[in-house]
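Here the chain labels run A, B and C in written order, and each chain numbers its own residues starting at 1.
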Amino acid sequence: MMLVWLIGIPLLGGVLAWAAARVHPRASQVLSIAALGIDLCLALWLRGSHVQALTQSGAWIAQVQWPWIPRMGISVHLAMDGLSLLLVVLTLFLGIMSVAVSSSDVRDRPGFFHLNVLWSISAMIAVFMALDLFLFYVAWELMLVPMYFIIALWGSENRIRAAVKFFVFTQASSLFLLIAILGLYFVHGNATGNYSFDYAALLHTALSHRAGVWLMLGFFLAFAVKLGVFPFHGWLPDAYGEAPLAGSILLAGVMAKTGAYGLIRFCLPLFPQASNSFSLAAMILGAAAIVYGALMALGQTDLKRLIAYTSVSHMGFVLLGIYVWGQLSLQGVVLQMISHGITAGALFMIAAGLEKRIGTRDITRYGGLWHVTPRLGGITLVFALALMGLPGLGTFVGEVLILLDTFRLSIPLAVIPIAGTVFAVVYSLWMVQRIFMGESAPRPHIADCRGRELLSLGIMAALIVWLGVYPKPFLDTSAPAVTELRQSAPEARPVITSPRELLARGLP
Amino acid sequence: MNHRTALISPLLPLALYGAAVALIVCGMVVTSHFAGGRRKHRPTTPPYESGMTPTGSTHIHLSVSYYLVAMFFLIFDLEAAFIFAWAVSLKQAGWSAFVEMLVFVGVLMAGLGYLWHEGALDWGPSARRSKSKPREESSLQARGDDVRQD
Amino acid sequence: MNLENLMLLSPFIAVALASIAVMLAATLWKTRFPALLITVVGLGAGLASTGALVGRAPAAVTPLLLINGYSLYFSGLVLACSLGVALLSMGYFARREQGPVQFCLFLLLSTLGAMVIASSSHFASLLLGLELQGAGLYPLAAYARFTPASIEAGIKYLVPSTVASAFLVFGMALVYADSGVMDFGSIAAIGRAPAMSLLMTVGLLMILSGAAFKLALVPFHLWTPDVYQGAPAPATAFVATVSKAAVVGLLMRFFAPFTDHGSNAVAASLWALAIASMFAGNLLALRQENIKRIIAYSSIAHMGYVLVAFLCGTALGIVSATYYVTAYAITALCALAVVSLLSHAKETESLADIRGLALRRPLVAFLFAVAMMSLAGIPFTVGFIGKFYVLSAGVQSRVWPLTFSLAVSSAIGLYYYLRVVIVMYRHPAPASEKDAGPSAMAGMSRPLSAAGMIALGTAGVLLVCFGVYPGPLFDFIAWMVGS
């Protein structure tokens, strides 16, 4: 029942915030933060009260199931394990941050804005908890609609084009997901006579190799588009760049993670053999994305697009780690997702702050800001270092865990990402240099960050340090879930021992 | 194969017939073109109207009422055909048919009443002018006056 | 004609009586209200008597009509949509000088024709139904006869429709010439036979082209955008819902035996029609600026989706297609109800007219947005569930070309549905551009008609209800249609 509340509170809060905006625009923001805060407390309480369950491998923290469309074997099945919990907490945390910092650029219809933000958060939480594939698809689609409104109504100049591109890309790919879900449903139903969309039922479906590969590709396409994997990332820089601050934070921080979550929870466990034969291609895509994203980030002058391309690069790590399918690499993926969510969110906040101060996102027109805004500069430096994966910060732990496991699998595959991190050093430091160092253009007085902006950025900086120094609580939370997932699909782990064999096998 | 022969055999005479017709018509036109004499005088071009010289335009407009009359005649004439068929077999058809015919005539009457009320039976210009609905009628009237030639 | 048969015909009788009553009422009272009231009551009575017949054993009333669960479902759908259109026209004509009497009359006659189509089991009744439905529709499309667009709509519907009817009759004649039968049962038996003669195939294809014209499947769709645009909004709603539902009912009943094995020419043509309609409909809608034209092109695509489910040739396929038609009818009614409600002296139909609608009329804009989402197939709307069922039928039967065409074309379609939605939620154009449309702005502050709001509200509630909890409706359709 707690899980329903977890989804329901933001929904209700959204309606209340919408109504409250008629009284006072500020009231709507306060109500939204309150609703998300209550929700966050609820999620943390779930973590606290179910420590027992977390230590026993495979036990779900909480689970509910009601029939929905019994004729088709569809039920409302929500469940939460450590992986879901961490992502839900991340969603709520970034949700609070995004609402808290985006009051100033949402003068127009604040009530409707908060309604959309809260509803999209609610749908994303549902995505992280749905265990019925139909329900998952519904939530997967529904999170797009409010996000579409957020981009199209409150974004910058080319917002409508970006919003439509975002929606059409993701929806087109998810129609193939729907077809693949239905294909799996019928294969399973025809074989066993039990027609069901339930995750547990579908988990060990016997598939022919060909059917498995096709269905797996349907799943992969949808998740890869959402994740922004290299050849499917066309919508991503536009959407991230044109969205308003809250939209960018949620897109980069949470929505990209739904793609990774889908791969971990559904794509590999449901199609272990097919994923195994596809994993080399996927890992190469991941490694390519790391380098490609970093190189593209080097060439950007629009600050938000630059951050968007660094996301492409970081999601490459996530893809690589998922398909390595080892205990370490998956743990690393979880940490990478959380720390990237925080880093990207903070960087978008910084970018929005700079845009408000200077009036442009063009990085070449910044410069010499360190003297005027030392606090902002310091915080930016922290996150820039996180971006390049400096030891002691969250991203480092995630990347190292992923690379360790990759190294055990295949040395060449691990070398390419390391080359990518070299570019990461270049773009992140160069970014700081171009913004804060060098000649200062003559401009009116600029305030340094303080108050709410400083507080939220400070919290995020503290978190990223915590993740880097003491990631154990996070790893402990996700460990049972990861173990369980790996045990349910041990075949998904690729076996590549040497470059010679890699060449001998050829590309699948 | 069976199907094809079964299909072709009845259609073959039809096709032959069509070909023959086309051949004869073409032959007639072509022969008259070569064999017939040609004159180009003034009186050969205008249309023949019982020896009179035609006057006025060839595009004659008829009043809308003319078409209305024609349509009503067709409709009510057709109903008469049904009633006639019923009347000659009155005894065999029995009472149920009588009831059915009453319903039929009732529907017809309702339709007639409706037409009457709509002014469809007022063919004179004066009667229509006195009708209530000003905008529709005036524009219809204007159009009617416009097209009337005689 | 015994009492039992009269009972089975009661929905038809109710509608027919209502049309006569409308004529009589027009002669007795000068006001416009009785005609509308009689229409609504008559359609309601027809719907109620259809409901009362549910659950009876299938029965043939004369060789012409077959009353079974299937025909009752489609008759009920037709009547419900027609009732919605009647409610819409109440509000629509309250704002116009032109009287609604003839509109009601044609509406009732056309509905009667649609019911006959849905229940026909013989060529004679099919033709009768089609002509009755068409004869009512031409004047409905041309009803606003003082605007050239409406006259054009009427003529553009009349002329091709007549040609289509001629094709249909010729096809019937060929089928009869080959087989010597005219009732659907015997023709179905021929359809199940392994081979078909050439004459039969040609005849069936001609019948198919006639039906395809009525459904506006590509390449028989050329009339659609102009008719949708020119006709008064309630008439457009009628064309989009009643006439489609009836003809889909006929198409599935008549051609189902021919889709069992996909090797024959009829099934192959249906495949081609489906794929062409899905792509052409969605692609042609991309550049439109007029809401009614957008809905017209989208209706072409949606009829293609229906064909996908139908062509699966399974029980799930037929039920899914029926569900989809129902979903489409509810959604189209909802969308066109908004257009009709907002129209005053001039129709509100261009995208510029509805810009900023959400700020002035949040509820209407929300319902219109939900209708667009339903057409686009976003979850929690009936359109999504319909598309889900269609896709599941397609996947179950492994008709991959059709399934993938559906996925790709509906992704294309998203673009224009989203455009409509976002226009409503934007701010109105700045004052300098606004001088062209003061009337459009004035119309936005008028009170909306209560009857129209009832129709819109009902459609909107059904749209969401069947989208969130579709189980009962699906079971009902399976029970009705499966028999």
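The working rule: a residue touches a chain if its C-beta (ideal position, glycine included) is under 8 Å from a C-beta of that chain, and two chains touch if they have at least 3 such contacts.
Computed from a predicted model, the values in this text were never measured in an experiment.
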Task: Distance-maximising chain from chain C - centres being C-alpha averages - done: A
Task: Core chain by centroid distance, with centroids computed from Cα atoms only - done: C
Open item on the list: Roughly how far is chain A from chain C, centre to centre by C-alpha average, rounded to an integer in Å?
Closed with: 43
TODO: With chain centres taken as the means of their Cα atoms, state the distance from chain A to chain B in Å.
DONE: 74
- [ ] Averaging only over C-alpha atoms, locate the centres of chain B and chain C and give their separation in whole Å.
- [x] 33
TODO: Give every residue of chain C touching chain B within the complex, in rising order.
DONE: 1, 20, 23-24, 26-27, 30, 97-99, 146, 195, 197-199
Task: chain A-facing residues of chain C, complex - done: 373, 378-380, 384, 388, 391-392, 395-396, 403-404, 407-408, 410-412, 414-415, 418-419, 422, 425-427, 469-471, 474-475, 478
Task: chain C contact footprint on chain A (complex, rising order) - done: 68-72, 108, 134, 137-138, 141-142, 144-145, 148-149, 152-153, 160, 163-164, 167-168, 171-172, 175-176, 178-179, 182-183, 185-186
Open item on the list: Looking at the complex, which residues from chain B come into contact with chain C?
Closed with: 3-4, 6-7, 96, 100, 106-107, 110-111, 113-114, 116-118, 132-133, 135-136, 139
